[in-house]
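Letters A, B, C and D mark the chains in the order given here, with residues in each chain numbered from 1 onward.
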Amino acid sequence: MSFLEGVLILTGIVAIVAQGVYVLTGLTGLFSLGQASFMAVGAYSAGIANLRFGLGFIPSLCVGVVAALLASFVVGAPSLKLKKTYFSLATIAFGYGVESVLNVSTWTGGSIGLIGVANITRVWHVAIALGLVLWVVRNFKLSRYGRACVSVRTDETAAQVYGVNAFATKQMAFSLAAALAGLGGGLYAFYLGYLSPDMFGIPVSSEYLVMVFFGGLGSQTGAFAASVLLTALMEMLRTAAEWRVILYCLIILITLMFRPTGLFGSWELSFGRRRNGSAPPDSPGALAGGARK
Amino acid sequence: MLELKKVNVRYGAIQALKDVNLRVERQTIVALIGANGAGKSSLLNAVSGIVPYTGEISWNGKLLPHHPPAIVRAGVAQVPEGRQVFSNLTVYENLLAGAYVNWSKQRIEKNIERVFSLFPRLKERASQSAGTMSGGERQMLAIGRGLMSEPSLLLIDEPSLGLSPILTTEVLALIQQVNEQGVTVLLVEQNARKSLEIAHRGYVLQNGKVVMEGTGRELLNDPAIQEAYLGVSGCA
Amino acid sequence: MKRIALLLICTLLIGVVSFSASAADPIVVGFITALTGSTSLWGTQERNGAVLAADEINAKGGVLGRQIKLIVYDHKGQPAEGVSAYRRLVDQDKAVVVGGTHFSNISLAIAPVAEQKRVPIIGQAIEPKVTVPEPGKVNRYTFLAQPSSAQQGQMMARFGYENLGLRKAAVLADKSNSYSTSQAEAFAETFKALGGEVVSYIEYAGGTMDFKAFITQIKSKSPDVMFLPQYAQAGGLQVRQSKELGLNVTILGSNSLSDQNYIDACGGIQNAAGTYHLFNVNFDDPKFAPFHKAYEAKYGEPVQTYHTVFGYDDIYLIADAITRAGKVDPEAIRDALETIKGVPVLAGDGMFTMNPATHQPVSMPSWIFRWAADGSRVPERLIYPVE
Amino acid sequence: MLFQQIVNGISVGSMYALLAVGFSLVYNILGIANFSHGAMIALGAFFSYWIARYLAVPVPVAILASIAFTGLSSALVELVTLRILRKRGQGSLYFFIASLTVFNLVTAVLVYISRGNIVSYPRAFLSGTFTIGNLYIPWIDAGMLLISIVCLAVLSYVMFKTRFGLAVRAASFSIKAAQLMGMDIDAIIQGVFFVSGTLAGVTGALLGVKYAVYPYIGNFVYMALFACVVGGLGNLTGAVLGGLLIGLLETLVSAYISSAISPALTFAFLVVILLLRPQGLAGRATEEKI
């Protein structure tokens, strides 16, 4: 596999996970600092399924996705009923939990990590997965479930008055996001062939959040474009040596100041009929407990 | 005299006020009536400078700035609906907050005494948290707080919201009393009948436009108004 | 339109990334290290050492009559970044051999990729699994240039038991760092095998800054020695906090405790004095004089940490391998790396020999140092690992 | 040993409390997590270190100077991020992301300047230990507890006895209503950032004295968020209680249950507490704000 293929695969994986964050944060207004941990669950489950149970590529990926889904129910069931802030906190707790369990467990290789997962992922795998994910998320957004998510984000109480089950809607968005993170994680495991707990910390989760805002909170296109742009940017800045992270942060910050709604705002690329995305209102989501104007 | 000339307010794609012209003579009560979403609160908020607008708003011949503190200092105060009293502060602190633009301790004390004489109930509850008060008491506090900056023009938003009919009458009587002390009042009310009864003039807003104006009596007797806003039983 | 243009730019950017031509006149040697992130001090020192070595070699006419072109990339402390850097070096820059990474997790991620790409990498990641993923198997293209963590833990245990006569040990290990856990395990195993007792073995979660809960526990077991296989910061804090809680025992530590940082983290030399640590470089040895002089001339400041030597030695080992390979071919260079024998280096006892079966150095000794009250490192003895 | 562990826990907790109070000030007024607080913690640590080292002044003087600096930096962050966003009609939600980026940026700059180095103050400040019976109490811990108490006393004076404090509390309830009272909301928010920045500066400098000065010291901000939420949002007393609770819990879990997974267990406990008491420790079940 060449360098370019490697970059393309990584970009695709980032884009898949970012689509999940878009559903969760952009559509539903929930902030998760645990998306990378769902990646970890997906990656480790897929890796272990392959390494210890000899499952093939596709079945292992399925195991990863299912494991992430299960985890999303465990985290979501208690926390999604509460204020959005507590949900965010629960995701942080989940992040710490996953990291320490991975460090402690001999089954996952502890801090040394899981060595010897097969290198299977190729560009076309990721391309197909990404295409599917983009299609699913687009349809989800336009479906009644997507509209339910938007109504929960805008005003949860009002949504419930109109017959939207807010808890179920949030759980659905959370699980979809977790499943996508799990899928991304699985592909990651088979791309890298090696997993260690420090790959999936809270800082990684927050990078995904920044990414979705950078692209435009209300735009699926934006989430996709931002994942491509920022992954490429980080790679290009490799030659900047010590200045790399500083430049990366500066570029993001300046962009956000000049385009506070992100690159794409709520604009969507559409084929045929022009369709305007739903503009995200300025209702603080999670990490913003006492919601007020 | 408060004068609005060609005032426009927009929130993104929605235009809340369209070329509104409006006058409030000194020491009168002017009622602003209209359906929900007609732009009544936007108009008050434009005058208070907390929503951006285009056009001219002047008070006593001087153009009002767009900066809320300067507007309050110019003698224009707003009494927002009753839920907006600071329920994390005590009654006394709420009044202090109302006197924020005033630096003189003596005058603040004097004003507090004045408010307490208008609303004796507030005095009893001075050290109580505003969050524990009933709807009527909150409304009184909101009005009292509005008076603390010694305004010459008071904008009052929905004083009867959530109040029983008896309390509504009581609060409107208090507003009349305040007016008699020389304060000009621009009143926004859902309860069109009662507010027009105490108002010298009234304006009817519909979809962000002034569609009708006249004295309180004229409007009360207008058949179109009767049908749209007064009904048989009056608005709840 | 603007937005569609933006989209197009996104897709083009990916292409641009891969766009860097390489005229293959000089020999391209890659180097991967941490230039950003929490270990960037070590990384930049490693890079400085590597650049210094490459310059020296080039000034003497290069290797096989060709100049060395050293390309250094950052890995940010993240395994996937390390793999991307390796791929970029091999695919885009056409590097024939790669040096670096002091991070076990990053080298563990690169190792399988190196097996596919068949371009050797020689570095300082001391986890034995980097080169020997499972007993009896060796990663053909991955090499280690310093004693492994197992050997370092073992040497410390022997020194403590045999030379200092210590019998009751407490071990404190960072569960999130294999550098720490693997040394701790080796130490505990050796110490017990020698006849000592490990009274307390505590593994804590990564990122911990306050160790008083553990130190209070350790204190109740009254050990006579604490083994701290830590980075300088954590190790220093542990020592400082144990002094604060009235626990005064002999401290044995890993090679990171030789950083000047360690004294700072201890809160001053009065706390750090008496600590024994490992270090396979003795800067006081006169043979380092030219190295120090050259470094200061080039960078205008003294050497900060021993990682400088690691980068420096890596490049000389690579140069030697290329010379013996006789051609600029990754496979030949790999074979030459595997058969390094008696090549002069600065670390250890000055001679480097590679074990072809493990891709780790043969009997590479380390100095045991003691931090003296005046802030100098006093070499106690040179100790060899037992194979 | 249990008493010693409790002392250890309180010493960690008092620090978290101070962190949480500064953090909750901005949280209360904007309703959003301000991660640039982490940047201010790190700047406070580095700046007081630099002053103490290069100007050779006593550590307490250096800390005071750095507090002014972090206060101003915090106000500057408000000016170049939140102010611009508000003028463009975007509110606190986007500021959340901007503050996260500011945090990352400042950390990266400090990594660049310090090259990831760990440093300590040139001369010992509050070093050593005193004992009460079997209890060992480091001076730095006692000092931090004392300084925390002083800071909290000053802060509660400012919040409850001054005009500025009244405005901040009013704005915490409703920015719109505060504006209608003639309060200059931009100035108030700026002031809150300044005060919050000074608190971050004190904490950062003290953390630097207690542990060491290093670029990632700002990561303590996550603890501040936790303490703030567990204590009950919008409540300064709650922030203090939350901080103390987390410190104690963390220490006791490490000591008696499991050291390797103590963060995970601690956070799990906290989530359970929130499930049982959703308004937080000191939160009253008051009505929702509008």
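We take it that contacts are C-beta pairs under 8 Å (C-beta built on N, C-alpha and C of every residue); 3 or more make two chains touch, one makes a residue touch a chain.
The model shown is predicted, which means the values in this text are computed figures rather than measured ones.
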item	value
Centroid comparison with chain C (C-alpha atoms), farthest chain	B
Whole-Å gap between the CA centroids of chain A and chain D	29
Averaged-CA centre spacing for the pair chain D and chain B, given as whole angstrom	41
Inter-centroid spacing, chain B versus chain A (mean Cα positions, whole Å)	48
Mean-CA-position distance for chain C and chain B (Å)	72
Shared-contact residues (touching 2 or more other chains) in chain D	108, 111-112, 174, 176, 234, 260-264, 290
Touching two or more other chains - residues of chain B	none
Multi-partner residues of chain A (each touching 2 or more other chains)	99-100, 103-104, 242, 245
Category of the chain touch graph - line, ring, star, complete, other	other
Every chain pair in contact, whichever chains are involved	A-C, A-D, B-D, C-D
Complex contacts: residues of chain D adjacent to chain C	1, 4-5, 8-9, 11-12, 108, 111-112, 114-120, 124, 127-129, 131, 136, 138, 140, 211-212, 214-216, 219, 250-252, 254-255, 259-264
Contact footprint of chain D on chain C as seen in their complex	34, 36-44, 175, 202-205, 207-210, 212-214, 216-217, 220, 232-233, 236-237, 241, 243-246, 261, 264-268, 304
Touching residues on chain A, where the partner in the complex is chain C	1-4, 6-8, 10-11, 99-100, 103-104, 110-113, 115-116, 119, 188, 192-194, 196-199, 221, 225, 228-229, 232-233, 235-236, 238-239, 241-242, 244-245, 263-264, 267, 269
In the complex with chain A, residue positions of chain D that touch it	27-28, 30-33, 80-81, 84-85, 88-94, 96-98, 100-102, 104-105, 108-109, 111-112, 174-176, 222, 225-226, 229, 233-234, 260-264, 267-268, 270-271, 274-275, 278, 288-290
Residues of chain D defined as touching chain B within the complex	163, 166-167, 169-170, 172-174, 176-185, 234, 286-287, 290
